[in-house]
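After this come two complexes, each holding chain A, first together with chain B and then together with chain C.
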Partner chain A sequence: MMRLKSGRADGVTARIPALAMVATFVVLAIIPLFEQAYAVGEWTFALAFGIAAVGLNMLIAEGGLVSLGHNAFVAFGAYATADLAARHLAYWESFLLVAVMALVLGWVIGAPVVKLGHLNFALVTIGAGFVAPTLALRLVSVTGGANGEALPALNAPGWSGLTPAAWLYYVGLAVLLACVLVAVGLRRSQAGRALRAQRDNEVAAEAFGVQLWRIRCGIFALSVMMAGLAGWLWGITSSFVAPDSFDVTLSISLLAGVVMGGLGFAMTAIVAGIFVEFVPTWSSSISPAFDGLVEGVIIVVIMLVARQGLLGLLKNLYDKLTGLGWRETPVPVAAAPATAPTSAAAELPRPSMAPQEPT
Partner chain B sequence: MQLLEEDKSAAAVLRVAGVSLSFGGVRALDDVTFTIASPQVVGLIGANGAGKSTLLNCVAGRFRPQGGRIEFCGRDVLGIPRYRIVGIGITRTFQNLGLFKTMSVLDNLAMGLYKQRQGGMLAGCAWSARASRRNRQLRAASEQVAERLGLSDVLHRRVDELPYGDQKRVELGRAIASRPKLVLIDEPATGLSRAEVGALKDLLLELARESAMTLLVVDHNFAFVTGIADEIVFMDSGRIEAIGTPAQIRDNSKLREQYLGQLARHD
Partner chain C sequence: MHEFGEQFVNGLVDGSSYAALGLALVVILKITRIGNFAQGSQALVAVYFVWQLLQWGVPLVLAIIISTIASFLLGAIMYGLIVRPVDRDQGSPYGTVILTLGLLSVLEFGAQAIWGADPLTFPALFGNQTVTFFGVATTRQAVGTVGVLVVLCILLYLFVERSKLGIAFRAVAENRLAAASVGVPVLWILALGWGLAAAIGAICGSLVAPTLILQPQMMSTVLIYAFSGAVLGGLTSLAGAVVGCMLLGLIDDLLAAYVPAIGGSYSLLVAFVIIVAVLLVRPQGLLGHREVAAR
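What follows is the complex of A and B.
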């Protein structure tokens, strides 16, 4: 493999991240073939949390904003789906409506709050996260109060030959894939660059034309939309939604999942979804009485071993194997990167200040 | 520099009139007035606290003066929202580097060409063909700027991995990428070696000569500034002490006092 001074991979090496993503989705696609309906349902929940995690990952890693209130928006999506189902709308119709409503909700909440600064923004989202279960309990006419709401089952279409559980799983997988593609598309675009710029240096970003308020609102609204769609999937999978379905610990779990997967990577959401859905179960099986403690220990161990998250660990291994850095680290790290390319820097000829002679 | 008589037919590049700004009890700018009639290199010199950077920040829209007007090509700058300033043709560099640290050289330069209208979030999310095309154009244009500044070798490195001198060049590249009419350059020579300062001088002169760019350069290095400037504005304690060509300005007594050491080396 060629070692390039410019620090960029070439040929097959550059394709490895994309290939890994394809491979991951292929693996996810064959899960229903090996699992019982109940396990497929669990994996569908993992997909739902993954969908929420895509938005949260983008918000934190690219946007530089932290939200600890995403449980409220998942709840919103789930309850909205239940209400629309009660009005006899098909699930694909509620999918579109929930997406639009959540996007608007994100703008409506974000617009006044984004201007308050990063810390206040986070605090307001925590508030939303805490208040959501109470709102669900109290707004009886909309949410059914403590009784919750049931959702009709989703049947698989005849032509698919799939069980309802498997069909729902594949629907969820398609939505997750779409969200990941949206996130990757944004990251590669000019808007993504502007987003990272305002995260790194908001004064300079403004000096070069970035309208801070608008771009921050936009990314927040996008993440709220994805949380809403996560709620849509969750509601259908669960067939039931209640006030305590989504309390603030979900937001904390999502945040932990995203950080442990590695902030900023395209596949982090999948790691996060699996974390949120399965780690509590694994912890319980290790120690029913102290499952919270076990969960905490798992988090601590992973953060010690892989400071940039599990995907960050993979990236560092990849760097070591190829001898190159990736184009850029997705998210700023507090200390110098583990694989500081000091030898590569020494190798570079010091470019002179004089402009190049025209050839 | 000619103090412009009220000749509205040809709007001056930059007209600063009666600008005053106080921070608490400190008068940072006191009735500052000067005009840059046509594209040229203007040096802004003075001791620490003279108000040079403050003035620069006022033109860039970061500080709001309490009195006076600032007009750029006939337009009032003070009423414009900060993020629109680059759109009317004013860019800047920052005293302590304002780079996007985790981003590559290419991305930093590309931000110099950012135009929100040409590809918002929606277009990006949807992988729109127009957004991709725009991105390709940006990359090509950024690569050209990089080549101009000798940064082609490090195009894809993170800027915080680069040596200081290279970072300064990226900062300059980002400011000139969009071919602005006015570039506010804040202490470009600070921290550079002698050779680097010499090369910077050549580069700035070349840029000013080949395009209709006006450069407003703030720096402490007297030799550097006099080497590139057509006109010099000498400030002290928030007021303008003298305006003139480098040759004219040397005779100013206050300036000789402050820059005695540097002047002596060149007399």
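What follows is the complex of A and C.
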């Protein structure tokens, strides 16, 4: 086991991201204790957007693929949940079913589209994002058309002693935590290294044995699955789904949130979720156009001056203050068997776009 | 037969409005390898500018010319100040995809903040009188739209193939480093390309505005169709963009007219299925070249 750098960096400093993550989840966990039912509902929406953002963040930062169809996949999850509820399935059953269906949907759409290159991928997904609300309007027999569909409320189990809103919030928090852990685990796994290798240098990655099509399909399907689960939570929280909630602007909001938080950081999803839920409410009180304008300006400014996002800025600030970089801590790659062919490819120089962050 | 003729002409007219924007996209793609998702919003702002000039009493033709020149300058400046720093710092394609999506949002909602979300009426440059060719009735505006596209294509062809600047343009598209080493001012050529694309977009927007009704979301559908058409035709070929967009316009209108079950709102979906299918067989598009496949 090779250590790249010894000293204090191995101790407390290396655990800062993990500690920050734990602290954030603790703060998130005590929110329902202080808020009214309505505000708890708003926070649950933020969790739902956060779940979708985990998938999008993973797709862009690890896979190098930009999807603007995530509004369609969130809509898919929400409508599927409503439909399954109408068939008298319990929510835990529909959770599993939505996860599986979204995974399959992602694979089916991804299978041809990931072959087409980055630009065409973005284009086809933005097309899906545009078509989705229209489809939801037209497929009246499944979606209820413009009238939408109602969902029954989720009741808290008696032993918990929680209000329904708080119970749903904790369920959402658990799902978000699970998704974040999956993303962190993926980043540290061999598959994660293979993903970054194909993102940075397609030819080199393929030469090292990375199967481009399979791994891209996989990351896209996983990302769509998380968007579907976000739709599941969104649908139950809103207790009503209608086409106008899933405009392509939702995808742009998610993108803005993820870019603002910082591509590649595990905590980004939480920043993005809060951003997508609360910034529009705040900004549309100024002007209806202000929402999109703010998001656009954030994307452009972040891309121009702080490509690592807010979390990246925080990290750089911390590095400067302590003089100890997290970056110098042993990267999990060192723990992988030296024979793993992808680990070498993963250590190519990386663009500053997606900062390396041992979580 | 007449009805089919009319649908066919409608398809061609829609196709040519997509084709104009498609040309703009391909100009940028060819020389900078960037897919500019903000192209439609740039055109939208140009159209709103024309509308504003009309309110100030400027005649329509002059207003379109002023707006086109302004778009040219703004497009070039936008490339130099915003797009280039992001493109230069990192070779990865998704950075510019995210950036131009951000610009799309800024321009579209910026226009909405200034001019409001309500639809505005926009006069037709060529008038709305009906004209009849071989028994097929259409409007003067429709004929004018196709005519302008043809003129644009001829001018662009002459520029790229026959002018000295066009040679520099092709050299930059082919190999930036080699072009720079023989003295081509690469940065100016790239900015010129972005300006040219913005100007083409402004003309396209001014032509479709009377039919589509001027409002902030006006160009988003046109952009999607233009992009899809350009992909279908091959992102590296100017002729391909025109052919692809025309085909898409025809498919769209004919489906809406004759296959009502999947026409209308589903036609975009059908178009995408066709595009994905074509690209799986010919990844470079119908008329594209393989070796410079867009990233």
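The rule is simple: the second predicted complex is superposed on the first by the 295 of 359 C-alpha atoms of A that agree within 3 Å, B and C clash if a C-alpha of one lies under 4 Å from a C-alpha of the other, contacts with A are read in each partner's own complex, and residues count from 1 in each chain.
As a convention for this text, a residue touches a chain if its C-beta (ideal position, glycine included) is under 8 Å from a C-beta of that chain, and two chains touch if they have at least 3 such contacts.
All values derive from a computational prediction rather than experimental measurement.
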**Message:** Contact-wise, after the overlay, does A:N201 reach chain B, chain C, both or neither (first, second, both, neither)?
**Reply:** first
**Request:** Answer with first, second, both or neither: which of chain B and chain C does A:L89 touch in the superposed model?
**Result:** neither
**First, second, both or neither for A:G209, with chain B first and chain C second** = first
**Message:** For A:R193 in the superposed arrangement: first (chain B), second (chain C), both or neither?
**Reply:** first
**Request:** Could you say whether A:A150 touches chain B, chain C, both of them, or neither, answering first, second, both or neither?
**Result:** neither
**Request:** Mind working out whether A:F130 is in touch with chain B, chain C, both or neither, as first, second, both or neither?
**Result:** second
**Message:** Let me test your reading of the model: by the given contact rule, A:I299 touches which partner, first (chain B), second (chain C), both or neither?
**Reply:** second
**Item:** Which superposed partner A:D291 touches (first chain B, second chain C, both, neither)
**Value:** second
**Message:** Which partner chains sit in contact with A:I31 here, chain B, chain C, both or neither? Use first/second/both/neither.
**Reply:** neither
**Request:** Mind sorting out which residues of chain A both chain B and chain C touch, each in its own complex?
**Result:** 200, 351-353
**Item:** chain A partner contacts - residues on chain B that touch it in the complex
**Value:** 60, 62, 81-87, 91-92, 94, 98-104, 107, 110-112, 114-116, 118-121, 123-127, 131, 134-135, 138, 147-158, 161, 163, 165-166, 169, 174, 195-196, 198-200, 202-203, 206
**Request:** Provide the residue numbers of chain A that touch chain B in the complex, in ascending order.
**Result:** 5-8, 181-182, 185-186, 188-197, 200-201, 203-212, 215, 218-219, 222, 325, 327-329, 331-332, 340-341, 345, 348-356
**Request:** Write out the stretch or stretches of chain C touching chain A in their complex.
**Result:** 35, 37, 82, 85-86, 89-95, 97-99, 101-110, 112-113, 117, 216, 220-221, 224, 227-228, 231, 235, 265-266, 268-269, 272, 275-276, 279-280, 283, 293-295
**Message:** For a test of understanding, state which residues of chain A touch chain C in their complex under the given definition.
**Reply:** 60, 64-66, 68, 112-113, 115-120, 122-124, 126-128, 130-131, 134-135, 137-138, 199-200, 252, 255-256, 259, 287-293, 295-300, 303-304, 307, 351-353
